[in-house]
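Okay, so chain A shows up in both of these, paired with chain B first and chain C after.
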Partner chain A sequence: MTQSRWLPYALLAPAMVFLGVLFFVPLVQTIVLSFQGDAGFGLGNYGKMVGDLNFGLSIRNTFLLVLTVIPLQVALALAMGLMLQKMTFGRDVVLWVWTIPLGVSDLAAGLVWLALLQNTGYVNSALFAMGLIPGPTAWLNSETPVTLFVAVVLAEVWRATAIVLVILVGGLQLIPKEFAEAAEIFGARPWTRFVKITLPLLKPSLQSALILRTVLAFEVFAVVYALGGRNFPVLVGEAYAWQRDNQNYGVAAAYAVLIMIISLAATVFWLRVLRVKPEVQG
Partner chain B sequence: MTATRRLVFVSGTLALCAWVLVPIYLIALGAFGGRAGAFKWPKEIVPSNASLDALMLFVKIEGVWNAAVNSVIAAGLTMLFSIALGAPAGYALARFSFRGANAFRLLVLLTRAFPLAILALPLTVTFIRIGLYDTPLGVALVHTALALPFAALVTASLFTGIPRELEEAAWVFGCTRLQAFRRIVLPLALPGIAAAAIFAFVISWNEVFAASVLTVRERTLTAYLLTVLAESPLHYRFAGGFILIVPSVLFIFAVRKYLFAMWGVSSK
Partner chain C sequence: MAGIVIDRIAKSFGSVTALQEVSLEIADGEFVALLGPSGCGKTTLLRIMAGLESRSSGRVLIGGRDVSDLKPWERGLAMVFQNYAVFPHMTVYENVAFGLAMQKKPADVIDRQVKKAAALLHIEPYLERYPAKLSGGQRQRVAVARALAVEPAVLLMDEPLSNLDALLRLEMRAELKSVLREAGTTTVYVTHDQTEAMGLADRIAVMYGGKIVQIAPPTQVYARPATTFVGGFVGSPPMNFLPVDSQDGRVTLGGQSIPVPGSGARILGFRGEDVTLAAPADGLALTVRVVEPMGSHTLLTGRIGDAVVRIVAPSSTAVRAGDVVGLRLDPARVVFMDPASGLALDAAA
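Our next item is the complex of A and B:
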């Protein structure tokens, strides 16, 4: 059939054209824009970006967040995934409840935790009832950077652990039960079985989850804004501010390029660290 | 399992359920509590004078209703575009082996590991020039770039799951390729396609950055909330957050069966 020669290309073409126009073109535009300044082509925007007071802070804050949130999420999601495997009753309901945050936007998650952590919020009320604080207490302003950081971490772990969980549960289901059973017969303890069997076989899923989550974590923005405004600068927040408040598209583009490079580096990092041998690939 | 371990296991499970559900319950209290509720001290965990009025008051603020409508339009269009463009691509990936198939897969995976929303920054300039700036359509186009890779991968795995033989049998009985697709494959794939569509809707409904950058007056709900965040009173913020959460939670419930097809490792 000659039809099947061109048909797949015809079917792919619309998607390809679309991604070309709305992915590749803006990608190139961003890079070009970041080098374009008032004084012609050059590194001016990057100079402005690095010279800004918030630059160092936003780099530090974003990396601190990623390095804190990602390990917590993976550990929590792994624990939840293993619990689901053991569950004999109500598994579907529990899985549904645990994946609810999948539908919650980062902005909404920030607002949820604002309701809990604001001065007269529920957490303060609980602390007050326990006699730990004398009255309404502020945790989320520029004088309390540590608690503001903790609040962002809580909101991020609350919201985005679900996506890691879904990917890992998908991976856990692919691991044949016989492996663990065989190991058990040979006397392997649960921890040994986890480290020697589950973890290595889960590597492809772990890799997907980590790439996806790390890239998204470097884009953290709305959660932070909802909780603390600009008291806690992060990279995407700065890009947003340069574009919206300062109307300086060049510096915003420089931030965008920086975020893209970091995301790319993170992806390459996980691809290398958790290299999946072809024969193991699911 | 011994009784103690069983107890630990069950209470751990319940604690994690509470970890997810209690914050949602509390923002709901905030949304229905109004101004008095937001500043009440100390708070109570049971609703006192919760009423729909507080939420209605929020919806009646100038701009909120318009923003919600814009969100629905943008999300609806995103849903439409990503299925219209993604499903044929998914079908091609599932049914044909051809040169370039792997390159396309790679491209799709690449976009997934990429901070796509950031690309809205240069698009502002282009969109102003061609009149797409500050329209739900412009927002939907960028959101489609986010949702399309998912739509293509999900539909590819759906079509792979439908035996090729069914289609071939239809051809034998004289159906054209299109007829066979419409009468045999489509009905079987429809629930999964619906799930992918709903997922695209949620992606757009929840997206903050691109929507905020690409709109000024015709804001989506997320963009509206983000820009008025600093000056709006607490109870309005809670109402906004709550309104954002409700539809997505319902949608996730509707697509729960397909979550694993959407997020599985299988890039094939």
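Our next item is the complex of A and C:
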């Protein structure tokens, strides 16, 4: 009997130690670091962060990316998931192909798109060969913020839609097909069925997918860095620059804390907006 | 209200034939049960009627209108599913109102119809609740109320009671029958439970291997099965079958001479309750192996030759395992089948 009392804690201990040493301690250190500066303990680093030229830009760019990429990914993943539901033949192969980008690291994905989109890239060559552009055209520098933004969105959608898709496919499979059939019998057209039956029943999966994707989207870095360097400043990119180029760990930590707060806020936002009341769960 | 005509409906899934040219006519207001073991095609036929499954050939007519190529919602029918399919994210009221809301009926009409259906199924106290807060039986009532609220011409039910426990099933069966009688809705009811089919239906269509093997009122399906399969599937205990040899249109069993259509090898079928027990010398001798007192009757199981025979004896019977009893058959109630085809031979009575 005494064994059963301490056993669960003993089994949890390795995970707790792991989280404590590699997650909690660095977290506290980062928070402490963000308040430490030349002038002692205070808000100096935050002042420096906010006062920096790139700060407003990186906030704007990051939010712009999140607000563009997330809806695109959810819409695409929903459409792809529903298509998969309709398929009877070759479904697994298609799902498998669609999830390949999951296995590609984000830096590699960024480099793939760089190879496609840079001045001497495949797209440029192809368009030039077809006579559609007069010569190599730059899309990824600071003079072309719109095409650079579009390129980052494209790469992010290509790279990270699959994780949303996998979660939503799992959720769709949990919905008994009788719900849609009953709705169809009682007069609901396809769009109505989607809005009134599928979406509400998919809410728990949508919530997980959105929390995961939004938090990761606020941490977007490698793809942006590969495609545009600091031509398109984002929050994590700035943290990296302050840490590496400026060797200022305090301001980098302030950025990290800011990103953490934004991520937490996004999580709370989705938890509230897509809350499923316990009595409504089937 | 409308009758249904199933005109040579066939369905195959790849190389598997689920239905082979099934035809069936159901009168306006009639209650027909599609009865059969799993895989016999009964659910496929129902889903083709509903428009949820495509057909390979044939036509479905509802109220004289060919609905074969119409969408489910254009067919003027409602359906109750095996797992109820009551929407978990809507209140009972919203569930029952769903069909009417989809038809864009005015709010006061919806309210009136919902209240009426709710009253019929006794679910008024739960209208504002969510289905998760209801028991299985209550959810099934909601599913039936949702179907009846749209006042459908045709109601399709797919094993609606099979997820309920035995007592609740008995209760719901009686209630369904009275509710549907009152509504006068043409009903097609799929079940593998012969008691349900017997108790509910005006006519039973027994299906086997993608075909309707018999369509008749319950008492006739029970007493005059069209094939050995029907006799063995309908009734508990199933019909007893004995191989006999007919000579000059008669067969002699335990001193009893019974008329048989034609001569040659025959299968004689009789129900366990259609015999009277007699002294071993005065009838067909049966060595009783097992005696099961069921309360209302006592079930005797034994063998005659190679055939297992089950007899429904009065509960007052003193027969014990190991006893030999004589069976006297009621010649008017025996049936004869062809041993090769299993088909019933006419004029047996």
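Quick note on the criterion: the second predicted complex is superposed on the first by the 274 of 282 C-alpha atoms of A that agree within 3 Å, B and C clash if a C-alpha of one lies under 4 Å from a C-alpha of the other, contacts with A are read in each partner's own complex, and residues count from 1 in each chain.
Here is the rule we use: a residue touches a chain if its C-beta (ideal position, glycine included) is under 8 Å from a C-beta of that chain, and two chains touch if they have at least 3 such contacts.
As the structure is a computational prediction, the values presented were derived from the model and not from experiment.
Superposition of the two structures on chain A leaves chain B and chain C fitting side by side, clash-free.
When both complexes are overlaid on chain A, the residue A:Gln29 reaches chain B alone and has no touch with chain C.
Look at A:Leu201: by the touch rule set out above, it reaches chain C but stays clear of chain B. By the touch criterion defined above, A:Val94 reaches chain B but does not reach chain C. Contacts of A:Glu178 after superposition: chain C is touched, whereas chain B is not reached. Look at A:Thr192: by the touch rule set out above, it reaches chain C but stays clear of chain B. Ranked by how many residues of chain A each touches, chain B and chain C are led by B.
Across the superposed structures, the minimum distance from chain B to chain C, using CA atoms, reads 10 Å. Within chain A, the residues touching chain B in one complex and chain C in the other are 282.
The part of chain B that touches chain A in the complex is made up of residues 9, 12-13, 16-17, 19-21, 23-24, 26-27, 29-30, 38-45, 81, 84-86, 88-89, 91-93, 95-96, 98, 100-101, 104, 107, 111-126, 141-142, 144-145, 148, 152, 177, 202, 205-209, 212-213, 222, 225-226, 229-230, 234, 237-238, 240-241, 244-245, 248-249, 251-253, 256, 259-260, 263-266.
Interface of chain A with chain B (complex): residues 3-5, 7-9, 11-12, 14-16, 18-19, 22-23, 26-27, 29-30, 33, 80, 83, 86-87, 94-108, 110-116, 118, 120-122, 124-125, 128-129, 135-136, 158, 163, 166-167, 169-171, 173-174, 204-205, 207-208, 211-212, 215, 218-219, 221-222, 225-226, 229, 236, 239-240, 243-244, 249, 252-253, 256, 259-260, 263, 267, 282. Those residues of chain C that touch chain A in the complex are listed here as 50-52, 71-73, 77-79, 81-83, 85, 87-89, 98-99, 102-103, 129-133, 146, 150. Taken in their complex, chain A has these residues touching chain C: 176, 178-179, 181-189, 192, 197, 200-201, 278-282.
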